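After this come two complexes, each holding chain A, first together with chain B and then together with chain C.
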Partner chain A sequence: MYTCILFLLVVGALAAGVGGRKLGEKGAGILTSSCLIISLSWSVLIFYEIILSFSTTHIKLWRWLDSDLLTVYFGLQFDGLVAIMLLVITTISTLVHIFSTAYMLGDPHIPRFMSYLSFFTFLMVVLVSSDNYLQLFIGWEGVGLCSYLLINFWLTRVEANKAAIKAMLVNRVGDIGLILAMFGLLDRFGSLEFSSLFNVVVVSAPSSDITLICLLLFIGAVGKSAQLGLHTWLPDAMEGPTPVSALIHAATMVTAGVFLLIRSSPFFEQAPLALMIVTIVGSLTVLFAATVGVIQNDLKKVIAYSTCSQLGYMVVACGLSHYSISLFHLMNHAFFKALLFLSAGSVIHALSDEQDIRKMGGLIKLIPLTYIMVVVGSLSLMGFPYLTGFYSKDLILELAFEQYYLTFAYWLGGFSALLTTLYSIRLVYLTFLSNTNSRKAIFRRVHEGSWNLVLPLIILALGSLFVGYLTKEVVWSFQITFPPIVPVFIKLLPVFLSLGGAALVIVLYFYSIHLFKVPSFIGRMGYTFLYSAWQFNYVLNYFLAKRVWRGGHQISYRTIDKGTLELVGPKGVSNFLIGLTRGLSNLQAGQVFNYALVILIGVAMFIWGVV
Partner chain B sequence: MFGLNNGLSLIFFLLFMGGISVMKVSREDGVKLKKVALEWSLAILISVLVLWGAFDLEGQFQIINRIEWIVSPALNFQWGPGVFALDGVSLFFFVLTALLIPICILISWKSIKHLFKEFLLCLLFLEALLVGVFLVLDLLLFYLLFEGILIPMFLLIGVWGSREEKVRASYYFFFYTFAGSVFMLLGLFQIYSVTGTTDYQILLNIKLPVTTQKWVLAGIFLSLAVKIPQIPFHIWLPQAHVEAPVSGSVILAGILLKLGGYGFLRFSWPILPAASEYFAPLIIMLGVVAVIYGGLLTCRQVDFKRLIAYSSVAHMGLVPLGLFTHTIEGLVAAVFMMLAHGFVSSALFIAITYLYERHHTRLIKYYRGVTLTMPVFVCIMMVLSLSNMGIPLSCNFVGEFFSLLAAVEYNFGLGVLATSGMVWSAAYSLYLYNRISFGAASNYLLFIRDLNRCELLAISPLLIAILIFGIFPFIIIDPVKNGVIFSPGGG
Partner chain C sequence: MAYIASHLKTGITHQQRVMRLYRNSLKHLLSWCIEREVWREEALILRDRFDKYKNETNQQKIQKLLETGEAEFESKKHPYPYINPTSPDGSKWERNIPPPPHVLHMLPWEEEWYKEMCDWADGKN
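Entry: the complex of A and B
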């Protein structure tokens, strides 16, 4: 049963990919979706067996790499963490598959799309269920590859091509961290299997090696989970189709980095310094992404920055050593963010592929169901009390406050909660409530989608409402965490901040819209700064990539390769020889005094005894 | 009963017979010519595979054939005997050679227009020399065969090359290889004058004086570094690749570059351990330089054949890097990396040539949106680009992982530098793939049919090999490991 879940996914992917022409557009959708539904039911069973019945499973497959000192087997390990991740992945993936059959309708490449989605799910399952780091790396690179392919799905668009290659390359920088961490692990512990590593590391004394390994692992996580510094690919990745953004760039793939942190928790527990850095980077990401999200005008980019920010919360939770809470937030986030993305997809679908929220508005009357979905998702995201997001996000903030030496994570997080509300309500307001700005022709065609577009939304909305409440004890049991004891004021502050943010938006947009009309110089500067995402792209492109590129051309190619080496090598030698022979042949110009001179010199040398 | 010990003689016999039968076919009968050559090379491939099946994975040198060569009882003088044998290390190069020759014939099916008979003979002659060079256990014979390869290769580039530049390319090729091998010959003379033998198996048990070792290794290094190609001696490679016909590129990338690494594997640690220890930091550093500098160079190419050639330079930098760390991982990595590169790089050259034959330009910037006209080709190209960047489950990943591991174990900072190659390789592979395949369809690329069956057939063995050896790498690693460990000084 356990390997079947992998098998089914890969069969679905291959059948839709290779036999897509035979299956047809509808057939491919039905086939992959049903494969996903079956694997979903199996992962429910796995959840039952592993979490509720406390029976973890380990399956050893065949030998992969082996050089006597280093032996790596393919193996599957199912424990509590994996069971929860599996449930999240298959649930979201199933819903996204069903959604895509409606969303992508009319695209001639549906089989390819479904195949990529299934393949992605397969690799994600490989990632979470592997029993060693190297096999995890297969999934790690594989999901990156699928992300590349899916961002590039509409392959004639240059923007999509650029975004895809950027995603892959930036991820690759993070992958170096993971690879180096693996080398470090091999060097220090001589193994890559979780079971042996974690048993060894618990009893080993904290050392700088472990801190280094943890930091390297964290670089990997930073790349995958779009934390500050390597986050630039995530907003660009929104070029892909919206279901892809929901599945890959919100719910599953970007959480792989957080998963890695949770998975490697025994190491991080031995490295306080690494934990501190994790917290700092995480909380900075929370703030950064939230500030940028407030300004964005692209519907999907707002949600993308929001994802980035929420990932920051998860990383902060890891940095505070509360891994189960991080996992809990991961799961909750998967539901409400997938809901937000899919309903954004529904909006975009309704508006004939319009993504700019300035050109929307007034949709509440035309697509009320989608409006409800967006509101539910946004409220959950804001951490409205007793919705799904509340249970994890508030807890993270309280836990952050408890860590007295890192309270600033609390303040940054709390302030970001306000910003979260700001951008969420702004999005809802501009898209649904304000007067419409879209063209009449488009506006008249706005409609709700068919059942397979709406059904996933409803299920996800239910999830966004209740999952947090229903599953909190189950997820916490993975690592016992008690809600910390903090003052009531602190406990309530995030909620008040959120409400304050909501009030702020309403005041700003309803009553003093003219404030935005004439921005001052500083206002414009701040706006540009935030709109361009703190200028990260500019700095990376112009100060790093461009210089390296120019160096690659001018120094290594033109100066060394085509210059120096050619001159020293064949060209130089042939020129030298040609020059030499020309000189020699000039000597034999038929002039007697030349010959006489040579004879004279020869005789002189003979007499002197040189020759 | 046919003894296994005659296996190697059988291969040479088949090669000889293949040459004879190609010669017998009339020059006008092009199809028959191709078929005969293909059949004989397939026969050789099959017998090589049978030999592989019969190979004892635990043993070292086996299937030994001796050739009494220069024997003069009157002068009490003997040079040789030339011993031919297989071990875990040479086995796979042997298989790779036998695999690539039929593929070369298939891919030249239409592209070679003139002197086809000579071309086939050239290929068979080359195969004979290559098989010989990987099997021989005598330094002088090794040198002779090693140099002999220069002749057919020189002809391949010079005669069947694509443009006028080909003469210069073959000059570069000849210049570098020949200048290097002079020093190798000197080194071999030195070994002979000290020990009185050039038999590899005897030399394994002789400890040379340290100073001699250093000079000999310096000489051998110059010759082998050109072949690898190690960084300051690499500029012949892009030239040769760009001008060579596709089969020339395939053989060059697939096998010839492996001669350097193979030579190091045979001569450096086993018979010159002290000198290898002495020179290791230098050579490892050159390997790291190759990875970074080669990566940067590759990123900036606009000619796709040249791009792949430079990517070979960058990838092959990992071979000496792994080899000279002198760990089991490093040695296994060196062999595995060479094999993986042999599959991936030659397949890339083949794939790129399919594109070239359709559109007749090698400039990447002229291409875009090929996916729309050639989906199958693009799928293949994707697998190859991904393998080239070393994605897990491709055989490049195994080699890359092991050699980087060896580098990290040698020195962490060095390992970090070498690992940065992962980003470069991703950058140029994806740049190539993205530029060619994606984007809106170009008006200037006329609609042209996708790969035909012959082309698909020619490239598919390599694709299958890439995946199989990526998922089940122990098929290769186990024999290689044994071969590496058993040779004295090798583990």
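Entry: the complex of A and C
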């Protein structure tokens, strides 16, 4: 059962990819979705066995690399963390597969799309179930590759090409961090297996080596989980079809970075400095992404920045050493964010691929079910009491308050809660409640989707309502520290801030709509600054990427590759040999005295040798 | 959505230049205003500002007014204006472009060559 999950996913992906032409659009959808449904049922069984029956499983499949320095097995490790991740991945992926069969209807490349989705899921399962860093890295790179393929699914679009290349390149920066961390682990501990490493590290004293390794691991997580600095690929990745956004940017790929932090927690516990940096970067990401999300006009980009912000909360929880709470938020976030993305897909599908919320509005009467879904997802995201998001988000904020030297994480997170409410209600208002700005021809055709478009939304809505409540005890049981004791005011502050955000939206959009016209100069500057995500793209491109590119061209390409290496290497050798042979060929000029000279030299040497 | 490049200004008539300024101002105004009613009010004010000088005959003054208007537009235009999904740079632009005809259909000489190859493969030649 444990290995069959992997096998089934890869079989589905290959069958749809290679035999897609024979299977057809419907066949590919049914096959891959069926494989995912079976994988999901096995994941539930694994969850039961591992979490509820306390039976951790470790399977060594085969010896993969064997050298004097390093021996690596291909193995699968199923513990509590993996069981929860598996359940999240397969649940969301199954629902996304079913949703895609309706959403992508009419696209000429459905089998390819379904194949990519299944292959992506397979590699994500490889990532989470690996028992060593090298195998984890295969899954890590694999999901990077699949994200490239999925973002670039509409490969005739130049914007999609650019977004996919950007995702690939930005992720490579993080990957270099992970590779260097693996080198560091190999150098320091001589192994890459989790069990060996974690057993050694818990008894070793904190050192600068471990701090460095943790920081390198964190660079990997920053790239994958789109934290401040390497976040620029995430909003651009919305170029892919909406189900891709739901799968990659809600439940799977972006959570890989957080998973890496949780998996490497024994190392981070030995590196307090690294934990502090993790907390700082996470809390800044929470605030940054929330401020940008407030004024985005693209429906998917609002949700994308929201994802970035929520990932910040997870990273903050890791930085505060509360890894199980981070995992709890990861699981809860997967449900309500997938719901929001798929609901956005439903809206976009209904409005003939319109994504700009400035051209929406008035949809509440035409697609009421989708409206309910968006409201449920948004309330859960805002941390509305007793919904799924509430249990983890508020807990993270309370835990942040406990840390006396990093209380600012609490204040940034609390203020971001206000912004979260602001952009969530703004999204609901502009999409569903305001007067419509759609074209009449499009507006008249708006209707709810077919059953396979609606069913995943209903299931995810149930998850967004109840998963937090149902699983809080399970996840809390992993926690080795006691729940924080904080003043009632601090406990309630995030709720008050959220209510403040809601009140602000109502005042702004319901009663002061006339304010939304061409702003003043300062207003325009602020708007442009926030809309362009604090000008991060500009700063990174013009001050970093361009200089690195120029340096790479001058030093690496022209001086080393085309200069030194060419002169010493092929070109130098070739020039030398050409000169030599030309000199030798000049000796054979057809002149008798030349031959006589050679004969004379030969005879002289012979006589000298004999004598 | 760039308004109009300076090197193109010389290639159009004065009327076209004013029309483009007006149309683009309206479009960018619509990107700023969320509600249609607010946009309508602003659009009327904009129209008044254009109508105010429609009977102006002094060429130098007209030129100056137009340049001032264009400069104002440049400073006030929306940094990320609304783009129709199927228009260039829209969210649906270039999605699943059909392949060019020469990929789908064979030219006469290609058909002839293909037939010859099929015959050769079938052993007819």
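The rule we apply is simple: the second predicted complex is superposed on the first by the 543 of 611 C-alpha atoms of A that agree within 3 Å, B and C clash if a C-alpha of one lies under 4 Å from a C-alpha of the other, contacts with A are read in each partner's own complex, and residues count from 1 in each chain.
One rule holds in what follows: contacts are C-beta pairs under 8 Å (C-beta built on N, C-alpha and C of every residue); 3 or more make two chains touch, one makes a residue touch a chain.
Only a predicted model underlies this, so the values are computations on that prediction, with no experimental measurement involved.
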> Given the touch rule stated above, what does A:Met168 touch, chain B (first), chain C (second), both, or neither?
Replying inline: first
>> If we overlay the two complexes on their shared chain A, which of chain B and chain C does A:Leu540 touch? Say first, second, both or neither.
In response: neither
> After lining up the shared chain so the two structures overlap, which partner does A:Ile459 touch, if you call chain B first and chain C second: first, second, both or neither?
Replying inline: neither
> Of the two partner chains, chain B (first) and chain C (second), which one does A:Asp107 touch, if any: first, second, both, or neither?
Replying inline: second
> If you stack the two complexes on chain A, which partner ends up touching A:Gln355: first (chain B), second (chain C), both, or neither?
Replying inline: second
>> After the superposition on A, what does A:Val158 contact: first (chain B), second (chain C), both or neither?
In response: both
> Of the two partner chains, chain B (first) and chain C (second), which one does A:Ser556 touch, if any: first, second, both, or neither?
Replying inline: first
>> Touch test for A:Val548: chain B only (first), chain C only (second), both, or neither?
In response: first
> Which partner, chain B or chain C, touches the larger number of chain A residues?
Replying inline: B
>> Under the stated touch criterion, which partner chain does A:Ile179 make contact with: chain B (first), chain C (second), both, or neither?
In response: first
>> Output the chain A positions appearing in both contact lists, the one against chain B and the one against chain C.
In response: 156, 158
>> Help me check something: in the complex, which residues belonging to chain C touch chain A?
In response: 29-39, 41-42, 75-76, 79-80, 82-83, 85, 89, 91-97
> Which bits of chain B are touching chain A when the two form their complex?
Replying inline: 171-172, 175-176, 232, 235-236, 293, 296-297, 299-300, 328-329, 332, 369, 371-372, 386, 391-393, 398, 401-402, 404-405, 408-409, 415-416, 419-420, 422-423, 426-427, 430-431, 434, 437-441, 471-474, 477-478, 481, 485
> Along chain A, where are the residues that touch chain C in the complex?
Replying inline: 107-109, 154, 156-159, 297-298, 352-356, 358-359, 430, 434-435, 437, 509, 513-514, 516-519, 521, 524, 527-528, 531-532
> Mind pulling up the chain A residues that touch chain B in the complex?
Replying inline: 62-70, 134, 137-138, 141-142, 145, 148, 152, 155-156, 158, 160-161, 164-165, 168-169, 172-173, 175-176, 179-180, 183-184, 186-187, 548-549, 551-553, 556-557, 560-561, 565-566, 569-570, 573-574
